[in-house]
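Let me give you the structure first, and then I'll get to my questions.
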């Protein structure tokens, strides 16, 4: 099942972007620029064409958009406090993502580089664990699989319920 | 003492760039793009205008260029092996760097994000410890100080001699 | 509202929407907790019950707790394990 | 080469060049080790001796070890503690 065909749609609100178009990774990095920041880290997740010997012809992402947006904003606010950041930003692409294209971009800036690295890693781990976005792997034979849970990510804490 | 006034000069050799012009950080990230890489990390170090209550009006960098180039290439080769990277690249600006401008950019890509983060952090630490580049802090009153040794970086190992 | 009996609207996503063959459903609902709603949805759509057990429930733009109230007329989303990034 | 006695050319950088008031110097040199060269440079330019003690020595585009040979006519660089990044 595919999400309904959608015209280009993008929502940017402060440092959070959800978009069906190509990610502007340079804009995500530029969004964290700050006179007090000496260290700026950008992570870009790209669609691989081969994962564990399985060929993927393209990826597709679907989200609960209002909740994903709220969760991303809350995670950025928490990262800013927890790591004393100068700035942070996140963008996730929805819809079809071809091999080599970016699906996610996260940036953080801080006076010194260790906090910027730690915050970006923490944000990526939390995004993969908490934010209601799902990936579908499409294979060359036309089959596809929606992925529920990441073998590299510990399960979501049960504090929601 | 200032280095001799130099016309724009840039040397790019594979993944290493030393340049007197603005750093093209997007090019450093693009240089590590690879179909097998799902995780891409870019670090950008920018000149801060205030460091520990001291106002810096601009930075200036000087290098032993042939040795800096060789050391950067060797560190990238070691990072590629040590972290099983898909790609890595580094660029450092020389000459005057105004506040907010980038002085260094390092990128690494790997199948999964932890290796890309670890390699980028390792490369930055090694660059600050090993590569013959020096920073001069210019202050608004016209005074300046060449920095020899980084209080946040452990001293260079003595294996050179 | 005799023509409009109280209901709850439930939105499904990704593999759960695929297993259900639909992206949303409406169920009769006069109010209850999130835990009550889980039982009602599982009974109505046994095909999604296994994934439902691993899923969170969202009310509007926040995650809900098991004893949160779900009013008649509410919009609820079921959030199966996520895989963004 | 009676008009050209054997020498070594030493290049200085950053705060060391500033302390010396010059970016390079030439010293009479018929050959020796890196350690020998350090003593010669320190004697010739006492102003840089403290920073020299914390510095590495480079021969061409590689770092040298204390017992490496420095031939007459060599180009040598003194590498004080670095601060790039």
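We just call them A, B, C and D in the order they show up, numbering each chain from 1.
To be clear about the criterion, contacts are C-beta pairs under 8 Å (C-beta built on N, C-alpha and C of every residue); 3 or more make two chains touch, one makes a residue touch a chain.
Since we're looking at a predicted model, the values are computed, not measured.
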Exercise. Expressed in steps between touching chains, what is the minimal separation of chain B and chain C?
Worked result: 2
Problem set entry | Farthest chain relative to chain D (centres taken as mean CA coordinates) | C
Exercise. Centre to centre, by mean C-alpha position, how many angstrom separate chain A and chain C?
Worked result: 25
Problem set entry | Geometric centre distance via CA averages, chain D-chain C, whole Å | 75
Exercise. For chain A and chain D, what's the span in angstrom between their mean Cα positions?
Worked result: 51
Exercise. Which chain B residues touch at least two other chains?
Worked result: 45, 124
Exercise. Who touches whom among the chains?
Worked result: A-B, A-C, B-D
Exercise. Along chain A, where are the residues that touch chain B in the complex?
Worked result: 25-26, 29, 33, 35-51, 99-100, 111-114, 116-117, 120-121, 124, 152
Exercise. Can you name the residues of chain A that touch chain C in the complex?
Worked result: 1, 45, 61-64, 66-70, 92, 103-104, 124, 127-136, 145-150, 155-156, 160-161
For this session: Flag every residue of chain D that touches chain B in the complex, lowest number first.
Result: 11, 13-15, 17-18, 23, 34-35, 51, 54, 56-58, 60-66, 77, 79-85
